[in-house]
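Both of the next two complexes hold chain A, though its partner changes from chain B to chain C.
Right after this comes the complex of A and B.
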């Protein structure tokens, strides 16, 4: 019954592998050229976003992005630019989660990484900033 | 003493002035009128009270007034100087208690039905209404002076946007079923809750003529926008004296717009007709045709705010364009764009430019069409591009070009069978082509790179872009430094993303080392070089992984290396990786012979694992001497941080460090 023995070994190995996998944690601080490039781009934009977070014009979304909450807080002439800033920031954040998942060699972890980051951004937000709660409603921190 | 008079439902307001019985000796006289109902107005629990000397102080109380779908509760009008003499009723110092106290004066002549009402809600604000109540011949003239528009906000049909400030002055005339208005508005502000549609400090003029025919209204409108700004997602517009003229007809179900003309100052005019469905809140049909629009003004006033944070946000533009668009069954049916001598230039960064563009782009939703795009010259990354004529075929969701030749410097890029289209997963395109030899000297000079000799040419096998990945089948061949460079397995993931990833295998054969080293100011090496870079992976243009091996080519040819090149190669090996150079020997010779040069780097995790031609005690041979005088360079560091290696290369090639010979 060589076959059966082999099968047992194989199943055992797979189970062991799966356990090891479940125990594994994504390294969110991983640094690769791609992650560095995205972080640099986000840092360069942060100074422009800061007053928008403070005024409540832009808030942190529950899926780890940013969104326009109340454009009335922004002078008319700058509203188009706020849209562009939000689009660029959202694109960078999505790319960041994808790259961290890739760098961990676990592309399928992207949505978990996104969720973890969403909570991190909210935890790190300054008092007065707005974020979306689990139901999607805006909450002032 | 009280006198009660009840009327359940009087047919007209005029009836409010109906007879009131009073007694001469009474001090106060109360008249309970009850409810008033007219088609336009209803008032519940109306009562009048006359008091004071000669009963000249009037107090009118209405529990609830309903007009045009709006209700007011506990409305009171007081008038200390009420005079009813003959047919004429006057009140010159009345006060209307309605959302605050509003001074009011009015006159009414019972026989003719003439009346005037003047309200002064604020010191500088007057609403004067004069007219005659006479059934179908009712006339009304409203004269506004600095009237606050916010008072009208609740009268307007419910919509997302609310008027939050603004004043109007002018006249509104009502003659039977016709209405004429001439208004000047100022400091108008409106906004919706999200702020995506908003305007501020808007000023201008508005003229409307409207007449009711049966259930429909026919109207014409002309307006001029002189001051203020509007953000209407995603557009931002500031007033420049834009004018709008349009006629139309409105029924309950829809509004049609005819002979609309929008004059955009400095840009041009746009003619339009449209049909709007009220219940679906959508444009069922629309025909728009522009005059020749001046592109610079169009770009500055309309497009630039839209293009913030893109590579098109800082253009210098020239030329004219016409646009025509039709909407049928609530979706776009055709777009026609014509360009007339249009030029674009990336002002600050000078990444691209396009000069003298002309073209016709006719897009049809339901049919294929043919168009043409021509430009006199262009520039991309400072490389000049010659005139191009591109005939193309358009489909509803794609474009195809059979063949186009793009002159680049002294050569050209020949593109064939270009096809692009949109699918569910985004844009896709493909082409094949070839490069007619382009002088590398001219190309590198134009791009501000170290001058390289040779020429760039080659066959471009099929290039495909889909799912944000650009991939090339086959091998791209480039002739440079008198040798050949072949690139295969080229894949470019998210080329337009924040961190583009580039994969390729690159094979270089018999590059002329003398041309190469001269170009990069490395000292001189005579000979030929082969290089193979397999599994090259760049992320954001930074190498992440590769397996590279540089090696002098096989064959018989002069193999000389200059003293400086020896120093530089040694420096590349790193501190402590001193060459097995007989230093005293170096002093006497400028050039040495070599048998073989070789260096390999296996890059992974930002560390380069290095090797050479062959092993040496505690190291590896990079340059193996041969001939007279011979020299060998030996590296001792097997693992070098990639960053450190790049720094060393930079120091050598850029800072032009002179070798120090001890």
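Right after this comes the complex of A and C.
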């Protein structure tokens, strides 16, 4: 009889562990005001970045950011503006990765989140856009 | 004898629970992170227009 009780306890413990694990794997929290604000800011900026991705002036970096790839693709008069765009986008992206890690109470996940995004930005990039490969070289998609 | 095996069972259950907790803390949920990234990237790059229409388009169809 006593053994049966312990068997129940063991089964219950296993089920509890499995449930907790499933919950942890289910989803990453991204529905926070901070994440939404950054996302909105990036969405608004995208209209200005889009022609720069297409022309190859700006490329996607291997660390989940953006960088000036070809300054010659930008008229001299617009270079300061493009640099400001890149700086603002880089700042937003860094903040996004940090905020998602924080929203999930796992600040140590920031670099993993950054790496995941880096890969997905590149996967979802349009043909013709430039990205950095693992070695840091620019590649045209 | 019976008492001893009871303790062994209890210890095994506790150890299992402990390992489970540690597992949750250590491993990065890669699949969940990928889904989260996809949702955000689709929004930022407006890759799924059905999900949320961009404000700049479709001024028609309003009554």
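The definition used in the following text is that the second predicted complex is superposed on the first by the 112 of 141 C-alpha atoms of A that agree within 3 Å, B and C clash if a C-alpha of one lies under 4 Å from a C-alpha of the other, contacts with A are read in each partner's own complex, and residues count from 1 in each chain.
Convention: contacts are C-beta pairs under 8 Å (C-beta built on N, C-alpha and C of every residue); 3 or more make two chains touch, one makes a residue touch a chain.
Keep in mind that what you see is a predicted model, and the values were worked out from it rather than measured.
Student: By the touch definition at the top of the document, which applies to A:99: first (chain B), second (chain C), both, or neither?
Tutor: So A:99 only meets chain B here.
Student: According to the stated criteria, A:70 is in contact with first (chain B), second (chain C), both, or neither; which is it?
Tutor: first
Student: Have a look at where A:116 lands relative to chain B and chain C in the superposition and call it first, second, both or neither.
Tutor: In the superposition, A:116 contacts chain C only.
Student: Answer with first, second, both or neither: which of chain B and chain C does A:85 touch in the superposed model?
Tutor: Touch status of A:85: first partner only.
Student: Between chain B (first) and chain C (second), which, if any, makes contact with A:27: first, second, both or neither?
Tutor: second
Student: For A:139, select first, second, both or neither according to whether it touches chain B, chain C, the two together, or no partner.
Tutor: A:139 contacts neither chain B nor chain C.
Student: Which chain A residues contact chain B in one complex and chain C in the other?
Tutor: In chain A, positions 35 sit in both the chain B and chain C interfaces.
Student: In the complex of these two chains, what residues of chain B are touching chain A?
Tutor: Answer in residue numbers: 191, 194-196, 198-200, 229-231, 233-236, 238, 305-306, 308-310, 494, 497-499, 501, 539-540, 542, 544.
Student: Can you list the residues on chain A that touch chain C in the complex?
Tutor: Answer in residue numbers: 2-3, 6-7, 9-10, 13-14, 16-17, 20-21, 24-28, 30, 35, 39, 42-43, 46-47, 96, 100, 109, 112-113, 116-117, 120-121, 124.
Student: Inside the complex, what are the residues of chain A that reach chain B?
Tutor: Contact set of chain A toward chain B: 32-38, 41, 57, 68, 70-74, 76-77, 79-81, 83-85, 87-88, 91-92, 95, 99.
Student: Quick one: which bits of chain C touch chain A in the complex? Just the residue numbers, please.
Tutor: Result: residues 2, 5-6, 9-10, 12-13, 16-17, 20-21, 23-24, 28-47, 56 of chain C touch chain A.
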